[in-house]
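Structures are listed in the sections that come next.
Next come two complexes built around chain A: one with chain B, the other with chain C.
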Partner chain A sequence: MAQNQASVAPMGKGKKSKVVRYNRWGYIFLIPFIAVFLVFNLIPLISTFYNSFFENYMAQLNHVGPNFVGFQNYKTLFADGKIWQYAGNTAIMWVMGFIPQIIVSLLLAQWFSDTRLKLKGSTFFKTVIYMPNLIMASAFSLLFFALFSDGGPINDLLMKMHILDEPFKFFSSKWATRSLVAAMNFLMWFGNTTILLMAGIMGIDVSLYEAAEVDGANSWQRFTRITLPLLKPILIYVMITSLIGGIQMFDVPQILTNGTGNPTDSTMTLIMYLNKHLYSKNYGMGGAISVVLFLLTGALSLLVYNIMYRKKDKEA
Partner chain B sequence: MRKFKKAMALTLVTAMAAASFVGCSKSSSSSSAAANNNTTKEAVTDADGKEVSMRDQIAAKKYDNEGKVLNIYVWNDEFISRVADHFPGYEKVDATTGKIGDVEVKFTKVDNQDNKYQTNLDQTLQDNGKNQENADADKKIDIFLVEADYALKYVNSSYTMKLADLGITDADLPNQYQYTKDAVTDSEGNLKGISWQGCPGLLIYRRDVAKDVLGTDDPTEVQKSVADWDTFAETAKKMADKNYLMTSSVNDTYRVFSNNVSSKWVDENNVINVDANIKKWVDVSKAMVDAKETGTYALWSDDWAKGFYKDGNVFCYFGPAWLIDFSMHCDEEGSVGYDGGWAVTEGPQGFFWGGTWICAAAGTDNQELVKDLMLCLTTDEETMTQIVEKDHDFVNNSKVMEAKATDDKFGDKYLSNQNPVGLFCNGIKTVSLANISGYDQGCNEEFQNAMKDYFDGNYKTYEEALDAFYDKVIVKYPELKKPE
Partner chain C sequence: MSEPIGEIKKSTSTHARRVIAYIVLIILSILCLFWFYILLIYSTRSNGEIQKGITFIPSTHFVENFKNLVNSSQPVFQGLRNSLIIACSSALLSTYFSTLTAYAIHVYDFKLKKFIFTFILMIMMVPTQVTVLGFIQLMTKMNLINNFIPLIVPTIAAPVTFYYLKQYMESALPLALIEAARIDGSGEIRTFNTIALPLMKPAIAVQAIFTFVSSWNNYFIPTFILKKEKMKTIPIIIAQLRSSDYLKFDMGQVYMMITLSIFPVIIVYLILSKHIVSGIAMGSVKG
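Right, the complex of A and B next:
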């Protein structure tokens, strides 16, 4: 490049501007993204930080603030420890949903992309497993709420089959409610993950598998020694997007528990907590929670990324 | 999950767009029409000197020199149907729009639960600014409805108009029940809202269950088994022995206790206060839940409403007239009320539930229509009698109601033609609103949510549940404090 430029420089203005013009197109194409990013991401992000240092809410119909209070909102937030409880809830429900999600998705992706299995109707099933994602989370939650209510069809069924003597109160049981949230998240997202993983698996060179077979590797070895390592970039992507999605878990538990996060606050997620503060337009506390969420998400993403890549570097 | 980001972005775009529209519409509206404060009521007469009824006067009006759109904020269909059915000259266009004279009527319906209605209304009122100067003429809120639980919040603000400024005076409301006025009188004694209904509550029980367990379905006999909380508990045990639930949910009795409190939810120092009678509700309810005499369902849930149908097993609900007429699915085949299966009696204590008040929003550009709407629906005897007869509502007019109480021909078919009006008239005398506050809705809802976990056994002690309640209320109302 340096050589090229040096040779171009003395050749006069005409030719030089031609080179520059291509660069300019690059910038022009970037403008829409930068503009949208600035307006919808960066400015709100900065104003969130700014807001978190103010006391600013509605007391009945009177506006209190904005008064600068320094780190008072953060102190209040951490003083009662609720935020850790809610972070714990979020993590538990995410893990309960994510583990089956990644296992089932890997299995399905492997089966669907294995040409020698010759699964019949795989296109049909690929469509079907993606379906739950197309339903609105709120509609899906309402459906589950109706299905599992005390007098709902699931309880009816279990009683008719003489498995239960009296209705089981799903929404009065901590673990039942959490499991339902996890199950719904799993159902909604495993199709999506399967499609992503399939794309990754199909991108792996077939000759590697053939070579392994010639060397006598069985299917488990092929999966663990070839598929998994080469799938790592996609797995990292799935991990991080799902993690961020998990931290932002809101619609399913919100609708399923009617916004209460009960029983005993065990399904209250961080975003639901944030949402509660916004009922009184408490921008200060809302801002403080958002900042904590931002830092948490950033830290966890970095962690996942580093763990996964460091291993790869060592192997390399 | 991931959709949340998208939803957020969409919300922001909408909010920005909305904000920019609000900004450019500063239509001046200096239409504080000088209030007509002639207090003496003179009957309007026609050419022959014959008195013209209020309904005929209104029907003749076009309202053509006022705002073109009448915006009304509501949380359900009740008021919409009252206006549609009983306001002369209302033409229905669709479920939430209509026409009165030259004015288009637009209802904005927002769900009431979890303060959603209040949040939405507050935002719009604040965006519209003081006296709604920032809003387009067509966007100005003209009327909004409030409930007793939070009426004071609006009444004590500058967003509501004094009725006197509309030209409605005490002389217009001689027969209204005092408590309906107390609920919407501001701290300076100005009346700022008006209601067409009174909501004294009664115990509504199933006749067939009463016969089966108590041997009679006669209201005066049944009353003896539910006369106070001790006999109520004894009857609950008898019900449970025959596999009936005394009430559908602990929340059914909640209002009966919470209306008979002797202190407010929030004291003058903004400290949250749980009244002794509320604590009594917790004790009574816990005992009933443990004995499987009632459930813990949220009000309005499907499980709660199961007892409205014949295959349910609930003995009684507590509620005012509108619950029977409006919520118990009595026009559906298979429901208890369809064959007149309910009856009413006074129950252990008097109480009221709900009630809707009409407030005129400050800065409305439809003052005459707002005034006529208020007067016609809440003071005109002819209209109010219509409402009683068609909707079985308990209207806010002692004269009309007392006439109905002794009317042998009047009966509610859902109650096998029992005439409940006399009982309601007795009930309304004990209703007191001395201890309501602007925080009641949030406190009541969060208290019930927290106690549900205690009743279900998820919180081991009352204190744990109480702590959860304090935390939730303070998040909802940051200005409040937990008691020391």
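Right, the complex of A and C next:
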């Protein structure tokens, strides 16, 4: 026994050092990722934080700063109230797109994964509903602006169908413009959400449904009592990732309103506000907005991380 | 007696649900396709025809609009070329190095492995917009304004692509295979290039498409990096068109330009859609 152990020990040692020699490559292969992350993400993040504590902008042709001003930029940001208004706009347009998105996606995911329905052509439908997700948002917005313009095809169609007597000015109406932004977000994302939720539903044990059926549950009961509760983690994941995406809302309202957020600032989003400051080279205020958005999205990301991975770690 | 009635009832309710499902799906499909159909129709119409009002029948000016656009002052084809260069390079670099990163975490055992993996998962969701200010300043200092590098190289550190490939690797790349390659005397870099990469092809293809598309569509950051007219990508040119009073332009050309920026992606998607649609769900939520 003792002899055995003695003979094993050196071999184990030899193997271990060989493994360590190989494992060194783990670090080497991580170099590109880490180097790129440091240069293009971490340093910019730190300098964005740093910028937020300085007064640094262009007044006409004079460059003011950079002067250290502490938290003054943050005070200015929250004092003039615009950020609340823009956060409100972003939230409203996100909710207007997200509510129909989650309802439609749940419905479609349930149908696609229901073997009893035996839907034909489901591959075709999935292909079609996912397609808008790949469209260039700026080109899609330019298209919508052209189609919904005062003398554009949609107005013409609505008048020919006698729904309207005269052109409706979509881009002069606050709620029409917001609705268009929300509708485009809905179109671009409901296919993606459907496919994610479908993967979740497919993961639910079929025997649960069979048992429920034996007990006489109808399809609505099976949906509300089995599918929804078991889908909860994925629903929360979809909601938070969509919220993070919503905070980043930019291309669609920017191109649709030509960066003005018109009518009367009602479609100006947080990133459009940031874009405005960056464009006018007000780096102090731009930095402060960036930091606020970073903290907001960072907190939400942690939430996603906790829901999706922490639990799995514990189980493992 | 009650059982057959129950069966019939059940089958009629299933039948009714199926009909409703088809109706909803058809309406949603029309809602998705309508815009692209109109776009395609309008790109075949001359400006004069477009002013006359809506139609759903294609006209005959497709080639003419294309030719007019080639000869116009809009640098559309330069933009398409720039976008293509950036998107292709990004897709190539991003997938190669993301596979390498996933390989490092999957194959090797080292002290910081768990920490790095957790860290990458945590930064996965943080949007690039929040660091763009520091990014622009750094690129200005590094003299990389009007250069494609700031739009290509950062895609090497792509946490989402990494995570997807890591998930795929767990089922597609058995460690025994790497062990066997080592015994045959293959170096670590060679093992990665000749054994791991080919096995990862399906997942790499899916991620290459996603990286290509997001780079092709990217608008926010390139506006701050590409200032020179001949460096601009297609989304920037579209934004410029929007800020000019373009509804007074030749609308045939405008629709043609939107068509050219949207349809290459749609065509690639339709060819590969089977892999893409089944690929989306795989990496993201299987937790």
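The rule is short, and it goes like this: the second predicted complex is superposed on the first by the 248 of 316 C-alpha atoms of A that agree within 3 Å, B and C clash if a C-alpha of one lies under 4 Å from a C-alpha of the other, contacts with A are read in each partner's own complex, and residues count from 1 in each chain.
As a convention for this text, a contact is a pair of C-beta atoms (placed from the backbone, for glycine too) under 8 Å apart; a residue touches a chain by one contact, two chains touch by 3 or more.
What you see is a predicted model; the values in this text were computed from it and never measured.
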Inset, instruction - Please work out whether A:Tyr237 is in contact with chain B alone, chain C alone, both, or neither, and reply first, second, both or neither. - result: second
Inset, instruction - Would you sort A:Met58 into first (chain B), second (chain C), both or neither based on which partner it touches? - result: first
Inset, instruction - Quick one: classify A:Asn185 as touching chain B (first), chain C (second), both or neither. - result: first
Inset, instruction - Check whether A:Trp84 is in contact with chain B, with chain C, with both or with neither, and answer first, second, both or neither. - result: neither
Inset, instruction - Answer with first, second, both or neither: which of chain B and chain C does A:Trp175 touch in the superposed model? - result: neither
Legend entry - Residues of chain A touched, compared between chain B and chain C (which is higher): C
Inset, instruction - Would you sort A:Asn282 into first (chain B), second (chain C), both or neither based on which partner it touches? - result: first
Inset, instruction - Examine A:Met249 and indicate which partner it touches, taking first as chain B and second as chain C; both and neither are also allowed. - result: first
Inset, instruction - Using the superposition on chain A described above, determine whether A:Phe68 touches chain B (first), chain C (second), both, or neither. - result: neither
Legend entry - Overlapping contact positions on chain A, where the chain C interface meets the chain B interface: 40, 44, 137, 146, 149, 151, 241, 244, 248, 250-251, 258-259, 271
Legend entry - chain C contact footprint on chain A (complex, rising order): 19, 22-30, 32-34, 36-37, 39-41, 43-48, 50-51, 104, 107-108, 111, 116-119, 123, 125-132, 134-147, 149, 151, 153-154, 156-157, 160, 187, 190-192, 195-196, 198-200, 203, 218-219, 233-234, 237, 241, 244, 247-248, 250-251, 254-255, 258-259, 271, 274-275, 278, 283, 286-287, 290-291, 293-294, 297-298, 300-302, 304-305, 308-309, 311-312
Legend entry - Interfacial residue positions of chain B with respect to chain A in the complex: 1-5, 9, 12, 113-115, 119, 122, 125, 153-154, 156-157, 159, 295-298, 301-303, 306, 438, 449, 452-453, 456, 458-459, 468, 471-472, 475-479
Inset, instruction - State the interface residues of chain C toward chain A in the complex, per the touch definition above. - result: 13-14, 17-18, 21-22, 24-25, 28-29, 31-33, 35, 38-39, 42, 51, 53-54, 97-98, 100-101, 103-105, 107-110, 112-113, 116, 118, 120-138, 150, 153-154, 156-157, 162, 182, 188, 192, 213, 216-217, 219-220, 224, 234-235, 238-239, 241-243, 247, 251, 254-255, 258, 261-262, 265-266, 269-270, 273-274, 276-277, 280-282, 284-287
Inset, instruction - Using the touch rule from the top, collect the residues of chain A that touch chain B in their complex. - result: 40, 44, 57-61, 64, 80, 82, 137, 146, 149-152, 169, 172, 174, 185, 188-189, 241, 244-246, 248-252, 258-260, 262-265, 271, 273, 276-277, 279-280, 282, 285
